[in-house]
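There are structures below to look over.
Two complexes come next, and they have one chain in common, chain A, joined by chain B in the first and chain C in the second.
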Partner chain A sequence: MTARSEQTTVSSGTLTYAAMLAPALILMSVFVFVPVVLVLYGSLFQFSLTDRQWDFAGFGNYARAFSDPIFWVALRNNLIIVIGSIVLQVGFGTILAAMLDRGITVGGTLMRTIIFAPMVISSVAVGLIWLIILDPNVGPMNVLVSAIGIAPPRLGWLGDPAFSIWVVLGVAAWQYTGFMMVLILAGLQAVPKELYQAAALDGATGLRAFRYITLPAIRNILIVAVLITTVGGFKVFDLIFVMTKGGPANATQVLGTYIYLQAFTLGNSGYANAISAVLLVIAVALGWLQLRTSRKA
Partner chain B sequence: MKCFVTVAAAATCFVASAAIANAEDVVEVKYWTLKNQGLDEFVAQAKSSFEEANPGIRIIHEDFPNEAYKTAIQVALNGSEPPDAFFNWVGEDSARFVRDGLVLDISEFGTEENGFQSMLTEGWISSLRHGDGIYGVPMEAVSKFFYYNVDWFAEHDLSVPTSFNGLLQLCRDIRAIDADIVPMPLGNSERWKLNHFITMLNERVVGFEAAQDDYDLSASADDLFTDPKFVTAWEKVLELQQAGCFQDAPNATAPELTRAMFSSGTSPMIYCGSWCAGIFDQDGFTGYAMFRMPAVEGGDGADDTNFVLVQGYQVSAQTEHPEETVKWLNHLVSPKMAKAYAEIMSRVPSNPELLGESDALSEQFKWIANDVASVSTPINVLDVLLENSVSEAYLDAGVEVLNGTMTPQEAMDKIRETALQAKSNL
Partner chain C sequence: MDNRRLNATTLVLYGFVGLWSLVVLIPIVFMFMTSMKTRNSMFMRPLDLPESLNFQAFERAWGVGIGQFMVNSVLVTFLSVALIVVISGLAAYALTRMQGGWSKLTYLLIVAGFAIPMQAVLVPLFQIISGAGMLNSRLALVLPYAAYGIPFTVILFYAFFLDFPRELEEAARLDGCTRFQTFMRIILPLSGPAIASAAIFQSVFIWNEFILALLILTQPDLKTLPVGILELQGEFTADWPAVMAGLSLATLPLLLVFVLAQKYFVRSLAGLGK
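Moving on to the complex of A and B:
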């Protein structure tokens, strides 16, 4: 092969790669990069959706965010959902997966299907169903807790600021624990059975086997599950919007719903852009962490 | 074969050019509304009669759920293809679009015999008048009343209260009959229900005139929302709560459920909008009557005022067909269509001319229509009237006062703080 034909092959190969990458790059540019630039640019101005004139505000919107108590409530609620979801969804998901993998011999598929089922329902439908269940006047939850001798909250499950965020967290766990269970179960089923047999010969069974064999073997799966849950916790919007719209009195406000409130209800689009930029920084950091961890895995 | 292809091509060209010519002749008016029960039927009827009378105009109707609409209309009006005519609430929502130059002054249209300016009274038109311009066509008004179960009241020898203290006593009397009966359930999960209460309590306690400078933020910074009567109005909410008028968890109760509690006979009263009459009728409950928010002892309000929220249509400043658009709006408020609107939607139309002729309207609806017509000063609801951030502060304060996490004084301090901030941004 001559140098010229080699050069031609290389350049045609580069062109092919470019052509194959182009659609993805164009779509990414239009739907990700350009909006990101617009959000960052818009965050430096004060304007509403109906304003034709934008007033330059510099970093004023960011300063406003950091001195806005509701912004911190929203961020705190996101963190509660992230940490709570890791404990509930990944924690219970792991326990359920272990039970299905090694503990339950009959009806495992049926149970797996039942536990996974909420995952395939849209969050809006889940929110509406739970609104009925938790209704303080006609919902079955009050009847249930009263039947076991516990007084239901006087202001309602979703009406009491002290309760509401935890109730939403519980509903999110109900919906997504099944997904975590399936993810972790797939990891568990890939652990060679010989390891357990060898461990049993050394006297490691039951919880000891789970602690020293199962958990290290599914470590990477658990890391991915934690990251998926963390990203989901920061992205949460639909469930809260349907169930509480961020109320009562901002008690369940998260960054997503607060951005919506500022942009579309209060007409502070510049401020909403600044909060979006903060959320973007968090999302990028988590994305980077996810990428780094998956590469290690 | 060649001949056949030639003929087919010529025929296609002819049909296509005819279609293009026809499309050029027809003006399309894009019309956006909220998604409301019965509205599809009404619009279909109105569209059919309008397009028959005006073959050169085609109405393109699109409707949206409440929340989606609030967002979509703001985006669309700044976009390249806004609707020609669109629904809006009269108050801050409509005024903001006027200030931002997004809606058209239609004062030079609709002046002919069948135009909206000839058919509607000045009282209605003035609701959308800003300066010398008219920025929309009012379609209907919604009001608010205490509905009560007539048979239940008669059975227990209860009467309609004539004062706020009488209302409190009524709640106590109902609880005395059966402590488990909620006298008037409050569904405040979406926050606007209590806002309607405080709208009227502010009027009854503070008075319409006295509150205006605070509402439009024109009061001085030292005076803004400092009238102690605003606190008194919140205290009246607590008095209602303490008298046992509401159920335990109003902030976690949906408004739909409270309406069902009334129409099913579970609760004997409810404070509900004029639109509720149609809902109760559809639920099969017609044994109800209404009364207004009673006067508050020692308050500065007037008895002949009531909650009246006007709703109507505005025209986009970008419309290329203002004449055709206003023609369509003229048709919607014509006597015949206004009568159909009342019959189909159970709403009080801006043009009541033919309502008396209708056999389809219930006695209760006629009572509501007369009551709205007799209101001396319409009281606009706070979540529509106030600047957005102040409105939001009022909505949140309602939740906190009901929950007991904020006192009336703290609620007003918070509202004043928000109002000062909003005033400084004007």
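Moving on to the complex of A and C:
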């Protein structure tokens, strides 16, 4: 009797659990997993979104990408943003967080709030604000720079192909350094204060304490911060779309904007899928790394 | 001697953090300031304070439809976040209470979704949504946003439910609650902190999501704020005060909410580090 009722609860339980999982799995299948399969499948064809006709192209789209200089420019720009953002956002984020954690007592919350605030502004708005600040004709940046005796770039801050990607990098740092700071600050606050006291007895204070106590204690958080920044650097789209549209002369193209351009402006959807597949491989590899670090933590 | 060194260090610390705060603050202040200027004073003296409080630029910007964009953003964000919380809550609960290998496998599958960025599947996303005849509908944003918000929220809830005291659930089951009722009446109401954390986190991202909204919404009355404010640029080519007024209107609500509830924002977003 008890055994049988146990049996029925188990199977009815399984059914309930399956029903509870179903909405999540259905939504994710339709909008995440099926699209992934379709990207890989579609990358083997030549087609545009309005075509009924798909022409099989084998690995032609991939061959095309690897011999397309703009694809390499886009990939290089992603790498510039990734490495630059790690240096600027994680680097300065760590410094700011350490200062707020150890040295700053008065006004700490206020400054933390200000530095974090751009995180809640949409990148589109951030891009538009900076577009006006950097405007070559009447933007205040030119006025400011001229006032301290430096000549502003002749083609404009965003008009010079050699220069523009670095300006975008700077704006991204303006927006996201506060996020990294807060992330790292949360890790710092978990470091027991007794550690610092013990170290101070041994003569380790200031920078030495930072080097030998703070850094090792937040090692895992730093790894996560670097991974988040790396993923973000490969996903960057909004800022560039708004500020430069990938220009001038494709100099600020990144994978995201190049996929968009090929698929929705030029009508090369198969080719766009091949570039997307490259982005997917990178993203999945980084995701796997992230999973491994969080497991260890 | 020691005292003086301490003061110098303090000065450097405050100087650095203070300077960074200023660099962050000035563009935001500049935005609000410019929106109260007239077009003339903007071009003649871009860095000066506005001569007087002048709200005409706000009227011009409002004419583009900022109000409607805001309503759309609120609707889309609210619906998506509600859907994410309920669906992820159900899934995470089932995963923590199920026995056997399937639950682990399913958990890994959902977590794997966390690695897939929307940017990398734009073409098929567009094909699926347009194939279903859902272009220019709010649902075409809400459902994908929910799908991409689920993995992180499941991870968050999973950790929370694992620590949930089983005694409460057992008591509810003894009182005749089904598993689903137990979840709705006992678990959800007691999961406030986890829900708040997930909701804030997802709200910030969905409120600001741009690329999918740009693809799906071409009808002006459906546009969300990030897509809508892009129109300011075309509408007011040289009218910076109007562009800045529009941006001020678009960014102010979330900035205000953030300043008022910043403790919760910080806690929620810092949770990504765990």
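Following the convention adopted for this analysis, the second predicted complex is superposed on the first by the 280 of 297 C-alpha atoms of A that agree within 3 Å, B and C clash if a C-alpha of one lies under 4 Å from a C-alpha of the other, contacts with A are read in each partner's own complex, and residues count from 1 in each chain.
In this text, contacts are C-beta pairs under 8 Å (C-beta built on N, C-alpha and C of every residue); 3 or more make two chains touch, one makes a residue touch a chain.
The model shown is predicted, which means the values in this text are computed figures rather than measured ones.
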{"item": "Touching partner for A:R64 - first (chain B), second (chain C), both, neither", "value": "neither"}
{"item": "Which of chain B and chain C A:V138 touches, first, second, both or neither", "value": "both"}
{"item": "Touched partner set for A:S123, first chain B, second chain C, both or neither", "value": "second"}
{"item": "A:F264 touches, of chain B and chain C: first, second, both or neither?", "value": "both"}
{"item": "Which partner, chain B or chain C, touches more chain A residues", "value": "C"}
{"item": "Touched partner set for A:G156, first chain B, second chain C, both or neither", "value": "first"}
{"item": "Residues of chain A contacting chain B in one complex and chain C in the other", "value": "49, 131, 138, 264"}
{"item": "Of all residues in chain A, those that touch chain C in their complex", "value": "13-14, 16-21, 23-25, 27-28, 30-36, 38-39, 42, 49, 92, 95-96, 99-100, 103-104, 110-125, 128-133, 138-140, 143-144, 174, 177-179, 182-187, 206, 221, 224-225, 228, 231, 234-235, 237-238, 241-242, 255-256, 259-260, 263-264, 269, 272-273, 276-277, 279-280, 283-284, 286-288, 290-291, 294, 297"}
{"item": "Interface residues, chain A side, partner chain B - complex", "value": "48-52, 131, 134-138, 153-161, 245, 247-250, 261, 264-267"}
{"item": "Chain A-touching residues of chain C, taken from the complex the two chains share", "value": "9-10, 13-14, 16-18, 20-21, 23-25, 27-28, 30-31, 34, 42-43, 46-47, 87-88, 90-91, 93-95, 97-98, 106, 109-117, 119-128, 130, 143-144, 146-148, 150-151, 154, 178-180, 183, 204, 207-208, 210-211, 214-215, 225-227, 229-230, 232-233, 240, 243-244, 247, 250-251, 254-255, 257-259, 262, 265-267, 269-270, 272-274"}
{"item": "Contact set on chain B toward chain A in their complex", "value": "70-71, 74-75, 77-78, 96-97, 100-102, 185, 189-191, 247-254, 257, 261, 388-389, 392, 396, 399-400, 403, 405"}
